[in-house]
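After this come two complexes, each holding subunit A, first together with subunit B and then together with subunit C.
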Partner chain A sequence: MNGEFSILAASWLGPEGYGNDLTGLRDWPTSLAEQLQRGDLNGLHWSLLSDSDPSRFLRMDLMCRLGFMAVELLDAGFDTMSDVRREHTGVCIESFTGSLDTDIRFALTPRPSIFTYTLPSTVIGEICIRFRLKGPVLSLVPTAPGGGDGPAEAIDWLQRGEAENVLCLSIEAMNRSTANSLPLPPELSAAGWHAAALLLGPEENPSRAQPLTAGPLADIAASRVRAPCRNALAISNRQKIQCG
Partner chain B sequence: MASLIETLVEELKAKLIAGFRLEGVTAATINADMPIFGGGLGLDSIDALELVAILEQDYGIVITERAVANKAFASVRALAEFVAANRA
Partner chain C sequence: MATALKQFSVALAGKGVLTAAGLGLSPLQRAVAANTGNLQRRDCLIGKTLQSVIGGFVADEITAQLRAADPANRASRPFLFAAAAAEQAVADSGRILGAIPAARRGFVLSTTKANIDVFDQLAAGQPVPLAAQRQIQPAFLATDLAVRFDCRGPLQCVSAACVSGLLALQQGAACIRRGRADAVLVVGVDVISNFVLSGFNTLKSLDPEGCRPFDLGRVGLSLGEGAAAIVLVRRELAPAPRLLLTGCGTSNDANHLTGPSRDGAGLALAIRRALAASCAAPEDIDYLNAHGTGTPYNDNMEALAFRTVFGDHIPPFSGTKGITGHTLGGAGVIETTLCAATLESRLLPGTPRLRERDPVAPESLLETARPAAKLKRILKVNCGFGGTNAALIIEREQP
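Entry: the complex of A and B
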């Protein structure tokens, strides 16, 4: 798609497993796998990926949880990134189902803590707060699950110099039980779930950077995770990706 | 009255933990005399709204004035006393 900029890191969470471009695709713990396969996402928990503080995790809606996990799973080194670089790291999120899962839950149980998450852009705020990112942000609603213009928008920001790096996410977050609670259009009820993340920017680590190819963001991330970097260095000890 | 307040203190602690999904927090770790907000529970302004909703739904108490909320939310014990004095 663009020779100047590369995929610096990729991650994927979906029914079949989770991982990043260093680890490859890992199986969910057996006890959780069956739930996730049938679209019951309530068992997803921060502790599957990280030992770091999960204090806000359980209070988030499903979309925020998935986005949070996808970014953590990237192992992109945000914790050690300079303040200057974080100030120029943008976030672009695309989601076909958006906050629909939360919207339905709010309609069924109108509470302030649920209302907070009835916007698909809320996940951007949560991610920016946690990882201290201050670049441009954008929330896109594509016309089909997994498809969108996130990477194209990211390249535009990078080429214009509006951002030095861009975090692109594709998130579909529909709990099966929520989807079944209302008669939804087939494309929504069948959207399933996943969270995919790509960190884009100028190539800086030849052992990990890979060319950005054309296609839906979710497919690009999934393919990077299914074919992990052969030359990658040892995986960070901070990551807990060890269950199988 | 004292035992009623203590019962309410424990009841409200349980509601806070469940309502705010406070992971790793137990009733024993919440000091009933410490501030509910701005303390170690990590609660924010949305949680204040949630607490107002809990009071309305579970105890029939409607809070419309900030000054009343400030006094009632000073601590779990203050909240228990407020509930005991005002619930429907």
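Entry: the complex of A and C
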């Protein structure tokens, strides 16, 4: 799709498992797999992916948790990025279901801690706070789950020099129990769940970078994760993306 | 700078608006000229309790008038409001939009909560038409509006808290710049609902006396409802004298989810990006329309951001939410519509409901409306939950 810019890292988590373009798709722990496959997401926990402090994660709604986990899964070296690079890293999110799961929870139990999360763009704030990203931002609602224009918007930012890297996410976050609590339009109640992330930018590490193909973001990320880099083991953890 | 390319060179060819001031641009401009706030007190359900609230409500008679044009009572309030504003914008664009094939007409919607009213209606066991139920999903609302206005080109829906409107205008302009459309109808809409009132009430963000942006005694915001629509077209398609959208900048504070950064650095960054995108310098800005919610933190933060970018030469600026209330996803398009009207009328809006200027606010704050000696370029800014900031520049093209 664009020879100048590439997928620098990809991650995906959904009913089938989780992983990135280095590790490939991993199975959920047996104790969780069945409930995640049927859309019961209450068991998703930070400790599945990280041993770092989960306190912030525990405050988040489902959409933010999924987005946070997808970015953590990317293993893209954000922690070692220079401040200048962070200021020029954009975030573009797409979500068909948006914050609806949290909206329903807030309507049932109006609490300020829940209201904060009743916007699909809140996850951008969580990610930017976590990684101190200050670049351009965009939050789109596509007409179907899986994403639409996000990668094209990211490429436009990169081509115009408005960002050096762009983190693109597609998140669908509908807990089965929440979806069943209101007579929602069928497209929403059947939207399922996933979180997919792509880091796009100029190719810096040919061993991991992949061309950006056309299609919904979630499909692109899922295909990268299902067909991981063949020489992944040769890539040392902190050299995956040169930062700063 | 003269040879640099601006981010956009897209003309604003039509505009329409529905706010607490009334239906159309004229009542809004009258409110600006008189510097009158249009906030009203109403009894509203907040959760399950009826409470007295001050807000920028669309008048009941206007809603009834719009409902009368929908005898089947199938449309949601956001659809009715958005369609009313869009009809005006299309009419205001004259023959320009009609001359463009439908496949080359794009549509972008800005909203935060779309038809969130449906929660209460379903909970109360009211029958809700399927179309209105579906409009709880913002992209479905966008699709229905695009169909209504025969925009069969690119469709986007932006939901990014209070910066949604400016981002929607950015997206519409980008769509034209990339050659995906010759015209884009950009609409911003949100309604006052039990859901949103409950939310801001739980956050204790509402001013019980009504918002007073940049006032020493301000304690919070007032919600508003309404819609605005702007027809963007390729520059060459609009007759001179043109109003142009030249650039937009966004940023994230990376600081706090609901509160602005205390130093205004994020908003300053967005403003600088908009200036760079428009090939403009700070001194080129002749008027600045602030976000000006009336919350103590927001207005302080904005004042700091303005000082950071403009130093001691902050252009005349004002906050106009005393007229409209804070219309959330509608705000960016409504306030940009007001800015476009300002470029035409050359009457700079004041800050309605201001009693005593907070010394924190720069002295160039306009307390009342006043004619502009020089007015070529306007900067519009908004900030939102999640630490998002957006700045947009429109200008009157010089002959």
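Quick note on the criterion: the second predicted complex is superposed on the first by the 232 of 244 C-alpha atoms of A that agree within 3 Å, B and C clash if a C-alpha of one lies under 4 Å from a C-alpha of the other, contacts with A are read in each partner's own complex, and residues count from 1 in each chain.
Note that a residue touches a chain if its C-beta (ideal position, glycine included) is under 8 Å from a C-beta of that chain, and two chains touch if they have at least 3 such contacts.
The model shown is predicted, which means the values in this text are computed figures rather than measured ones.
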Superposed partners subunit B and subunit C on subunit A - clash or fit: fit
Touching partner for A:177 - first (subunit B), second (subunit C), both, neither: neither
First (subunit B), second (subunit C), both or neither touched by A:57: first
Contacts of A:112 with subunit B and subunit C, given as first, second, both or neither: both
Subunit B versus subunit C as contact partner of A:132, first or second or both or neither: second
Dominant contact partner of subunit A by residue count, subunit C or subunit B: C
Partner chain(s) touched by A:87 [first = subunit B, second = subunit C, both, neither]: second
Least Cα gap, in Å, left between subunit B and subunit C after the two complexes are fitted on chain A: 6
Subunit B and subunit C footprints on subunit A, overlapping residues: 111-112, 116
Of all residues in subunit C, those that touch subunit A in their complex: 7, 47, 112-113, 116, 119, 122-123, 130, 133-134, 136-140, 142-143, 155-161, 164, 167, 171, 174, 178, 195, 198-200, 202-203, 249-258, 266, 269, 273, 277, 384-388
Contacting residues of subunit A [partner subunit B, same complex]: 54-59, 111-113, 116
Contact footprint of subunit C on subunit A as seen in their complex: 86-87, 91, 96, 98, 100, 103-104, 106-107, 110-112, 115-116, 118-126, 128-129, 131-143, 149, 153, 156, 160, 162, 182-185, 187-188
Of subunit B, residues touching subunit A in the complex: 19-21, 23-24, 42, 46-47, 49-50, 52-53
